[in-house]
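After this come two complexes, each holding chain A, first together with chain B and then together with chain C.
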Partner chain A sequence: MSKSAGFMRALKCRECGREYPLEATHVCEFDFGPLEVAYDYGKIKKSMTKAALAKRPQTMWRFRELLPVAGEPTVGTRVGYTPLVKADRLAKWLGVREAWVKNDAVNYPTLSFKDRVVSVALSRAKELGFETVACASTGNLANSVAANAASAGLDAFVFIPADLEEGKILNSLVYGARVVGIRGHYDEVNRLCAEIAGKYGWAFVNVNMRPYYAEGSKSMAYEIAEQLNWKLPQHTVVPMASGSLLTKIHKGYQELIQLGLAKDSKPTVHGAQATGCSPISAAYKQGMDFFKPVKPDTIAKSLAIGTPADGFYALKVMKETGGASDDVNDDEIREAMSALAECEGIFTETAGGVTVGTAKKLVASGKIPAEDSVVLCVTGNGLKTLDAVQGHVGKPAGIKPSLREFEELMEKDGKVKSK
Partner chain B sequence: MAAKKKAARKAKRKTKARKTARLWLMFPPKLITQPVVWELSQKFPVITNVRQASVTDEIGLVCLELDGLADDVKKAITWLGRKGVSVEPVEINVIES
Partner chain C sequence: MAVTVRIPTPLRKLTNEQDTVEVESDTVGSAVDELEGKFPGIKERLVGEDGEIRRFVNVYVNEEDIRFLDNQATPLKDGDDISIIPAIAGG
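Presenting the complex of A and B:
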């Protein structure tokens, strides 16, 4: 373990404020509240100036003072700095003046925003002396842990429900991770994973490493701000599973304001869910502080968390920033995926469809005024959820190797006039 | 005999193994007014320790520590689930997507 803590100060309980040493631990011993990394912002302000930033490589680690590692990052050093695309054609579809797409569908190396959180968790795990890392995941997280662990020479364990589709398992097996399928109900599998995480001295990325892991999401906010020339967006639409990404994007914006890197233009953060798993947006609509757990039933598998750990905090952020929450059903998700693909040439997984579809609803209901500007967080790649769109995007036309047949087809499509 | 010794060791381990479970219990409206935690402590020899709670007429949330023999803790959790209480580890969603 390295002696210096870099720019970190302590782990701090989000409920009672008690502080803990910067170890692999995640809940407050007093009230079991979640722990969060606290920083020395005075020190960061001196080090992270715009002039210093201008000289750094374009990865998420250019903001390393605000990420929870003591020294230089060692895992996933090339993650992040994905494109922020001005999406004029999509803006028309949404009915809003200006739209931008933050495209983490092309994040490196495993094509989802999870590479951000995983590279932070594994870099910190190495600093703390761990040699084995683990996670329980049905998709993006598992892929990212397996790939990043492989490149860092760490041993990786991936726990999955035994009935997971083969395609999703291959994406972790290929990197040499030890994949363990657990038979049983979701709740039992979940509790066993918590028990394993507690018992073995491993870095379980989303359990004992969670305070560090979750901080990685903030990098998406820093990048958006810098790519907009240090102006914070009026509106940001974020997909929610546990709600962690949304709370961290908000934290990221607030930190930039605190450091004087961006002006406080009161950025609004909105949360998007799939109707088939919408505990947070349901609570928002009913004006409740607490969500009710649900059993997920949606094509947006990467957002299917029925008891969101950060749901309470996500609701608070939306309330504080004047943001709203809404949800879209499976058909609306597919329609939004097609709109993003056809308007901008970006193929996102179902989670991105949730973001884009919900944004359209928020514009229609006036929660995002039509004259405003919005950033959409597209967090995963469409190639990972091909089954969701299969049979919904049309079929290729078939013809014989005959020019006449091709010309007939063109005529039918109205591309050429008949003579 | 080696086999006998081994069996004895196994039996000993089974009775001695203690366990602490840290859980979030979520009560649906119909269970909110019932003394479920008390009932649990009457039925199973486990130590119950409430660390946080929030109760509205919509939902009851209780953060509970259960301490006892591994077998008893496991039975207590199963009993809670059968009652209709949702039982999550304190980490809630260990399985992410």
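Presenting the complex of A and C:
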């Protein structure tokens, strides 16, 4: 194990505050509360100044002090710094003054925000001496673990629900990972992985490596803030599966405030779910601070977690920041995917449809005031979930290579004939 | 009547590092009491002051979350498997 801890101080239980050494462990031995990385913020403040940042390469690792590796990162060094797109046409569709899309559909290398968490988890796993990495995944994480492990020369095992989208399965197999399809939903995959992690000495990125892994999501918040010239957004809409991304985006904003890099403009964080798997938004709507587990049934398979590990904390963040939660059904998800594609030329997977569709609902209900500005976190790429839109976006017109047939087609479409 | 309980890593210090333990109880709740008799201190780790299973602990009987069954009143029969698993994982 690496002796130096860099800017990390310890692992600390979120519930009782007990501290643990910086090893591959994720729950408090006393109350099973989640362990989180505690940092030396005094040291970070001296090292991570705006002047220092200006000279660093445009990857998520420019915020290296706030990411939990002891030395320099070794896996996924080019991940992140995805575009923050000003989305004027989408803003009109949403009914809001200003909208931005944080486009992790083009994250490097596997086209989802998961490359952020995986590059942290695998860099840390290597520091701790692991040679085999693994994960429980709804698809995107599996793709990212498989690809990043391949490039780092690590062995990878990925565990997924057997009924995932074809694209997501192929996108894991191609990198040579051992892919295990479990006949069950994600929560069952996750339970099995927790049991396997207790038996095999592997680095499970979202089990025993979870304290490090989850911190990678904060980089999305740092990038958004810097891309908005160090102004925190009024509203951020985040898709929720386990709820981890939402809590970490909030944490990211709060750290920037603490370090004096951004002013505390009270950023509000909202959570988006698919109606077919909405334990967190259901709890929000009922005013509860805990959720009831559900059995998922939605096309947004990447968000289909019925027992969300961070559901409790996500609800807390939304409550504290004045955020809200809502959910959208399968048709609304597809409609929102089309809206983002047709307005901004961004093809997102179903989870992005959940974010965009929920944002529209939050604007309509006044939870996001129409005169405000909103950032939408688009976390994955539409090319991976083609099955979800198949048959819903029309078909190409088929004609012979004949000008006459083309002109007939134009006439049918109601288009004016050319001269 | 024997039910196998799988013990998660954070609790194995209490079970002398045993990863499975046999109990004879007929409900999940009484199985927890039986475990407490064998391994004093284990109950307070699983059950909060309100008498409910702790927020960050998931209990499964034959792969099904007891919150989808009858919580601590979930009946047990010979050959059943109980898994106790930290809730914080995945995502």
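The criterion applied here is as follows: the second predicted complex is superposed on the first by the 395 of 419 C-alpha atoms of A that agree within 3 Å, B and C clash if a C-alpha of one lies under 4 Å from a C-alpha of the other, contacts with A are read in each partner's own complex, and residues count from 1 in each chain.
Just so it is clear, a residue touches a chain if its C-beta (ideal position, glycine included) is under 8 Å from a C-beta of that chain, and two chains touch if they have at least 3 such contacts.
Note that the coordinates shown come from a computational prediction; the quantities given were computed from them, not determined experimentally.
Once both complexes are superposed on chain A, the partners chain B and chain C clash. Once chain A of one complex is fitted onto chain A of the other, the partner contacts of A:161 are limited to chain B, with no touch recorded for chain C.
Judged by the touch definition given at the top, the superposed model places A:243 against chain C, while chain B stays out of reach. When the shared chain is aligned, chain B comes close enough to touch A:139, but chain C does not.
Of the two partner chains placed by the overlay, chain B and chain C both lie in contact with A:308. Of the two partner chains placed by the overlay, neither chain B nor chain C lies in contact with A:361. Judged by the touch definition given at the top, the superposed model places A:293 against both chain B and chain C. Overlaid on A, the two complexes show chain B and chain C touching the same residues of chain A, namely 15, 26-27, 30-33, 136, 186-187, 190-191, 193-195, 197, 206-207, 210, 241-242, 290, 292-293, 305, 307-309. Touching chain A in their complex are the following residues of chain B: 22, 24, 26, 51-52, 54, 56, 58-59, 61, 63, 77, 81, 86-97. Interface of chain A with chain B (complex): residues 15, 26-27, 30-33, 135-141, 159, 161, 186-187, 189-191, 193-195, 197, 204, 206-207, 210, 241-242, 288, 290, 292-293, 301-305, 307-309. Interface residues of chain A facing chain C in the complex, by the touch rule stated above, are 15, 26-34, 136, 184, 186-188, 190-191, 193-195, 197-199, 206-207, 210, 214, 241-244, 290, 292-293, 295, 305, 307-310, 312. Interface residues of chain C facing chain A in the complex, by the touch rule stated above, are 6, 8-11, 13, 19, 45, 54-58, 60, 63, 65, 67-68, 83, 85-91.
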